[in-house]
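What follows is a pair of complexes built around chain A, which joins chain B in one and chain C in the other.
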Partner chain A sequence: MRKRLVFILSVFLTLTIALGGCSGRKTGDSSKIVVGIPQDLEDSLDPHKATAAGTREVLFNVFEGLLKPDENGNLIPAVAKEYEVTDDGLTYKFMLRDGVKFHNGNPVTAEDVKYSIEKSAGMTGEESLIAAFSNIKEVNVVSDAEVDVVLNETDVDFPAYIASVNASVIPKDNATPDTTPIGTGPYKYISRSPQENIIMESFDDYWGNKASIKNLEFKIENGDSMLMDLKGGTIDLTMHISATQIKQIGDDFDVHEGSMNLVQALYLNNKIKPFDDARVRQAMCYAIDKQAILDLAFEGHGSPIGSSMFPSFGKYYMPELENKYPHDEAKAKELLKEAGYADGFSMTITVPSNYTPHVDTAQVLVEQLKTVGINASINQVEWNTWLSDVYTGRNYESTVIGVDASSLTADALLGRFYSSADNNFINYSNEEYDRLYEESRKTLDDNRRTELIKQMETLLSEDAANVYIQDMAEFVPINKKFEGYTFYPLYVQDISRIKYKD
Partner chain B sequence: MKVRFKENRRLYIGLIITGLMLILAITGKFFTPYDPNAMDSANKLAGISAKHIMGCDNFGRDIFSRILAGLDTTMVVAVGTVLIGVTFGTVIGALTGYYGGRPDEIMMRFNDAVLAFPSLLLALVIISIMGSGKMNVTIALGILFIPGYARIVRGEFLKCRNLDYVQSARLMGASYLRIMFVHILPNTIPVLLSTVAIGFNNAVLAEAGMSFLGIGVQPPDSSLGRMLSESQSYLFLRPGYALCTGSVIALLIFGFAMLNEGLEKHA
Partner chain C sequence: MKYIGNKLLTMLITVLIVTMLVFLAFRVIPGDPVSNMLGTSATPEKIERLREQMGLNRPLPVRYIEWLRDFFFGDMGKSYTYGSSVRSMLASKIPITIVLTVMSFVMVVAISIPLGIYTAKHEDKWYSKAIDAVNQITMSIPSFFLGMMLTYVFGLVLRWFRPGGFVNYKDDLLGFLGYLVFPAVAIALPKAAMTIKLLKSSVLKEGKLDYVRTAYSRGNSTDGVLYKHVLRNALIPVITFLGVTLADMVAGSIIIEQVFSIPGLGRLLITSISTRDYPVAQAIVAIIACIVIVINFIVDILYKLTDPRIV
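Presenting the complex of A and B:
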C-alpha cells in the first residue's frame, strides 16, 4: 500500500515537473508581466504630486491628461478628442472624448477635467509641480463636452504641459488620491505594498487600444539583485540596468538600447562655498573626463553632454557644448588657484544608494577630482532621504543624479534654473539667465524662442552651473516571451503596448 | 598557560589564521601592491594574472589591494565594536551582578528589551540617526554588543559574589571596587575571552552585512562587505571577484571560530 502511494506520488511529481515546462504562452486572465523598478513610489500616488521621474514612469500607465505624448514626441489626443486655440493664443478649447471612463466606472465629466487642471495648477491651494500653470487665468466648463482654459499670457508650450503626467485627469470625488489613485489609463491600480510592489490590472473599459497583458506588477528591486531576479525569472522586464549587467543577462532576453533622456550631472549647490564661485565649478568641469567615466562605469555607452539638454531634443540640443570643457588638469588647477583654492578643498557627494549607475559615477568622480586636489567623499542615502534632504530641502553640497523632462518642452529642463523656481534645487541664480528665461516665456516666434533657449543652454554651460556628464544609455532587457517594448522621448514606460509573441 | 598543539589543535589553528589576517590587515594599512582606489579602464574585470593575483573589479581596481585595505577597515570596525561592547558590558554587568536588587532588575529588563530586537534592525535605526560611515558603524554595533556582554559578566559576578574568597576579602575590609575589579573580574576572564572571540565573529559579519546594504563603509573606500555587495553585479561575468572576497570573509570567521572553540576548551 505504502509503496503504491509512493509510486503514484512520484508519477504526479514527474508529470508536474515535465508538464510545467510546457505551460509557455499564457493568454487571457492569467497573462502577467513583472516589471522591475529601482525605487518605491514614495512621493505620492497622486499624479499631481509625483515629483520623482521613477514615479511618473509608473503612473504613466494609470493616468492620462487631456493630451498625451506618443513615442515620436508628438502630442496626441487622449481624454480630449481635439482642441482649438483662439487667434489671440490665450484660450484653449478642449473637446472631450465620448465614453471615457475612470477606473471606478464613472464617466469623465467636464467638471472632473476642470477640477484636475485647477488642482494640478495649484488653484485649489495645493502645491503645483508645473510652474507654467501659474499662467492659467481660469478654467471654464462650457458644456458637458467642452472645457476652455484661459491663459494670462500666450504660451506655445501649453499643450505639452497639459500632456504631462503631472496634469492628469482624475475624478473630482476621489477624497484620497494619494493612496487610492483613480485614472483613465490603460491599467488600473489595484494595490501597493511599500518597498515590495505595485499591482495593476488592465482596464477593460479603456477608450483606446486596450492593454494586451492582464496582470501587471511593478516589483521594487535593489540595483544589484535586479540582475539575479532577471536571470532567476522573477522579473520579465526592467529598464535601467547597466551595460556590464547586460553582458551577463544570457539568452532568455531581448535587449533594446535607447537613451534614458536624462541630464546626468554632478549637480552642485550653487549657494554654498566653494561652489558659489564660477571658477571653482569650471575647474571641476575641466578636472573630470567624461569619456573616462563612460569607459569605466558604462562600458563606453552613453552620450556626453555639456548643458541641461539631451540629444533627443533635436531642435534645442547644442552638440558644440559637449566639448566646452575638455579634460585639462593644468587648467583646472589654475582656475582653483585663481579662486583661492590652490590646495584644493573637501566636499561630499550625496548619492541615492538604489541607483547603482549614479553611485558608480560618483566613485569615478572621486578619483578624477583627486587629481586636482579636490578631496571628495561619497555619502549614500536612501531614496526618500535624498528626496527630502537634497531635492526638497536643498541641504547638500553636491549630488550625482539624472534630471528628466516631465513634459515635452525645453522648459521642463531649463525652467528649474530660474532663480526663484520651486524646483531649482541647485540654487542657481543668474540675472542674465532669468532675463532670457522670462523673455522666452513671452516669445511666440518659434525661431526667436529657439534662439533664446540656446542662449540659456550656452549660459548654463559657460557658467558651469553643474558638472554635466552625459545622457545615459538605457538598456531594456525583456523576456523573449514578450514583444512590443517602445521607447519614448520622455522618462515613461508604456506597458500597455507589450504583448506575448505569437 | 602552556598549551600543547596536540592538546588544543583548534586554539593553534585559530591563532595562526587570525594572526595571519591581522598581519595582512596591518600590511594593508601601510602597503598595497596597487592604490586600492586607482581605476584603470584597460583592466576592467581583468582575470587572475601575475600582475593582479586576484584580478580586477569593474573599475579596473586591483582586487587583492582592495582586500588588504578592506581587511584593515573590517578589522578596525570589529576591534572597535568589541572594545566598546566589552568595556561598557563589563562595567554594567559587574555593578548589577555584584549589587543586585532593584537597579539590577531595571538594567536587565532594559537589556532584554534591546536583545529582543533584531540587532541589524537596531543598527539601522542608530545609523539613520547618526549618519553612515566607518566611525558610526563601529559605535552603532558597539552599542548593540553591550547587553550581551553585560549579561555574561553579570552571571559570573552573581556566581562569585558569595564565594569564600570574596567573603574573606570583604572581611578584610577591601573596598567594593577592589573586590569587583581585582578579585572577581580575573575569574571571569576565561568566559569573557571566548565570548570576545565570538564577538569578533559577529562584528565582522555585521559590518559586512551593513556595508552590503550600503549603509556601512562608503564607496570608494573598500570593506569586505562592500566588495561582496559590488561583486554581486558581476557574479556571472567574473565569479572570481565574489569568490575571492567571500573566501577571505569565510577564512576570517573560521579563524575567530577556531580561536573561540580553542579558548573554551582551554577554559
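Presenting the complex of A and C:
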C-alpha cells in the first residue's frame, strides 16, 4: 500500500515536471497583442463611472463619445458626424453619423445618445464625473439623426467634455453597464478575470478605421513582475515605464519616449503655516534644483515646468515660466528670513508609496530643502490613504504627485485653483485668480481667453502656489513585431492603430 | 464523536474571531471603498451620498452580524470593485491556489520522506553530509527570493517557462499545471529541507531507544527495524510539522502568487485590501481560516491513526 502511494506520488511529480517543458507555446495563429497594465480596472467598466486614469485609458478602446480626441489634441467627430453651435453659444446641435453600431449589433439611436448624455451628466440620479455637465439644461431628440444639448450658460469647453471617455455613448437598454460594457469603439469587450486580464476583440462593424489586430488582451501585472514578463515575452507592450526601468529592458523592444502629460509638483497645503506665506513658498522654489531632480531620479529625462500646465497643451503652455525660480540658495535663505523663518522649519511630505517616481522625487527634495535649513521628512502612505487624507481630507502639509488633465481643456488643470473648487486640494485662495478664472469661463473670444489663461498660469507661478517640478518622461516599450504606437496629449491608449510590421 | 463536536466548536469560534478582527482592522485603517470608487473626483458630499447608498453608514456590529448570517448561508455579497458576486469570483480563484498548495505539498512529501530516511540511514557517509549542507542553505532561503531566482534562471536565461505566461485551467489544463511547477518548487524547497532535517533527527533519536536494541537482539534486519518500528514512531513529530507546514503553505502561496504573477486567491486578497473591497477580503480571510482549521483537524485525526495511544 505504501509502495503504491510512493509510486503514484513520483508519477505525479515527473508528470508535472515534464509538463513544465510544454508551456510557452502559441495558441492559435490569429493576430494578438498583449498589453501589460499596472492595475486592474477597479472602479467600474461603466465609462460614466470610470474615475481612475488607468481605467479610462483602457476603456478608450471600447467607448466613444459624440466627439473624440485625436493624437494632436484636436476634437474629431465620432458618433456625431458634425455639430453646430447656435450664435448665443447655448445650444449644441449634434448630427449623428449614419450606420454607427453598438458592439451588440444594434444601431445607435438618438434616444441612446440622449440617455448617455443625461446619465453621464448625473440627470438620472447617478454621480456625474464631469462637473461642467451640471450646466446642461436639457437634451432634446430633434429627429432620428439630431440631438440638441441646451446649456444654462455658455461654455466653450463643452465639446471637449463631450469627447471625454466619461461622456461615452452607451445603449439605453443595457441594464448592467457595470459588468457588461457595450460601446461603439474599435474594440469590443469579451470577458475579464479579476486581477488576471481583460479580453477584447476588434469590432468588425466599426464605422471608422478598423483595428488591425484581432485579439487584444490587457494583462494585469503587479509592479515587480512587469519587467520580468516583458523580458520573458509574455507581454508585447506596456506604458508608463520610467527611465530607470527602461535601462533594464533588452534589445527586443522598440522604445518610444513621450511625456506623461501631468504636472508633477511638490503640492503645498496653502492654508496651513508656514505655507500660507508666499515668501516661504517662493523660497522653496528657489531652494530646489529641477535639473538635479531629473538627473538624480529620472536619468535626466523629463521636461521642467513652472506652472500648472504641460507642454502638450501647445497654445496655453508658457515655456518662459520654466525658469522663473532658478536654483539660488542665498535668495531662498533671504526670503525665509524675511518671512520669519531664518532658522528654517520642519515639514512632512506625504507620498503615495505605489508611485515610485514620486517617492524618488521626494527623496531628492528632502536633500535639496535641507541646504536652506528646511527639515523635511517623508511619510509614505497607501494610495487609498492618500486619497482620503490628502486629496479629499486636505489633512496634510505637502505632497508630491502628478496632476493630469481629464479632458482637453485648460480648465482641467487650472479649475482646481479656484478658491471654492471641490478639487482644490491645496487650498489655494487668491482673489485675483478667482476673478481671472470667472472671466475666462465667460469669454467666448479665443484670443482673449488664451490671454486670460496665460495670466492665470503666470499668477500661479509668481505666487508660487506649488513647487512645480516637471512633466515626467514616459517610455513605451513595444515588441519589435509591432508598429504604430501613438502618443496622445491625454491619458489614453489607442491600440487600434497598432499593427504588425510588414 | 464528542471529539469531533469539540473540534467543530473550536472551528466556529476561530472563524468568528478571525472575521471579527478583519472587520475591526478595516475600521482602523484609513480610506474606504467609496474613496476608491470616486478616486480624484471625490468631494465630501459625494462620499457621504455614496456611503449612505452602500449602507456603509450603518453601525459596525449590525453590518458584521448581517455579513455573518449571509456568509453561513453561502451568500458572500457583491464585490464593490467588480460588481459581480464574490462567490463566483472566488470559485474561479480558489482552484488555482489549492492546486498550487497541493502540488507543492506533494513535492515536499515526495522529496523529504525518502531523503530524510536515506540521510538518517547513511548518517556517516560523505554524501549524507553533503545533503545536510545543501539542506541548511535551502532552508535559509525565503521562498519569494527563491521564486525570483527561479524566474531569472529558468524563465529568462534557460527559457524553460515564460515568466508571467500563466494560463487559466479553464483554457488549458496542462499549460496551467506546467506553469505552476516552478512556483510550487519555490514554495516546496525550503519546507522540504526543514522536513528532511526533522525526519532525520527524529529517526536517529528513535534509533537510540531501548525498544530498537530489543528489536535488533531478536534478530531483525536493519531495514526491518527501521521501517517496522522506528519510522512509525519517528513520523509523529513529522506529521505535526507537515500539518503546520501545509497551513503555512496556503499563506505562503499568497506571496509566491505575486512573484510569478499568478492570479489566485492571494493576489485578489491583496488588491481587495488596498481597494477596501470589504466583501471580497472578508470572504477570502474567512475561507483561508477555515482551510487552516480543517487541515489542523485532519492532522489530529492522522495522529490518532499513527499512534493509537494519543487521546
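Annotations
The working rule: the second predicted complex is superposed on the first by the 440 of 502 C-alpha atoms of A that agree within 3 Å, B and C clash if a C-alpha of one lies under 4 Å from a C-alpha of the other, contacts with A are read in each partner's own complex, and residues count from 1 in each chain.
Basically, a residue touches a chain if its C-beta (ideal position, glycine included) is under 8 Å from a C-beta of that chain, and two chains touch if they have at least 3 such contacts.
Here the structure is a predicted model, which means the values were calculated and not measured.
Of the two partner chains placed by superposition, only chain C is touched by A:A52; chain B is not.
Looking at the shared chain after the overlay, A:E127 reaches chain C, while chain B stays out of its contact range. In the superposed three-chain model, the partner touching more residues of chain A is C, compared with the other of chain B and chain C.
Contact with neither chain B nor chain C is seen for A:N104 once the two complexes are overlaid on the shared chain. Judged by the touch definition given at the top, the superposed model places A:K231 against both chain B and chain C.
By the touch criterion stated above, A:E221 is placed in contact with chain C alone, chain B being left untouched. 224-225, 228, 231 are the residues of chain A that lie in the contact sets of both chain B and chain C, per the superposition on chain A.
Here chain C touches chain A in the complex through residues 29-32, 35-44, 46-47, 49-50, 79, 81-84, 89, 92-93, 103, 106-107, 109-110, 114, 151, 155-156, 159-168, 171-172, 174-175, 177-182, 184, 258-261, 263, 267-268, 271, 274-277, going by the rule given at the top. Here chain A touches chain C in the complex through residues 6, 9-10, 12-13, 16-17, 19-25, 27, 39-40, 42-45, 49, 51-52, 127, 129, 176, 178-179, 193-197, 219-222, 224-225, 228-229, 231-235, 382-385, 387-389, 391-392, 422-423, going by the rule given at the top. Across the interface of their complex, chain B is touched by residues 223-225, 227-228, 231, 242, 244-245, 247-248, 250, 292, 295-297, 353, 356, 359-360, 362-364, 366-367, 377-380 of chain A.
Remark: chain B residues 37-39, 41, 44-45, 58-60, 131-132, 214-215, 218-220, 229-230, 232-237 touch chain A in the complex.
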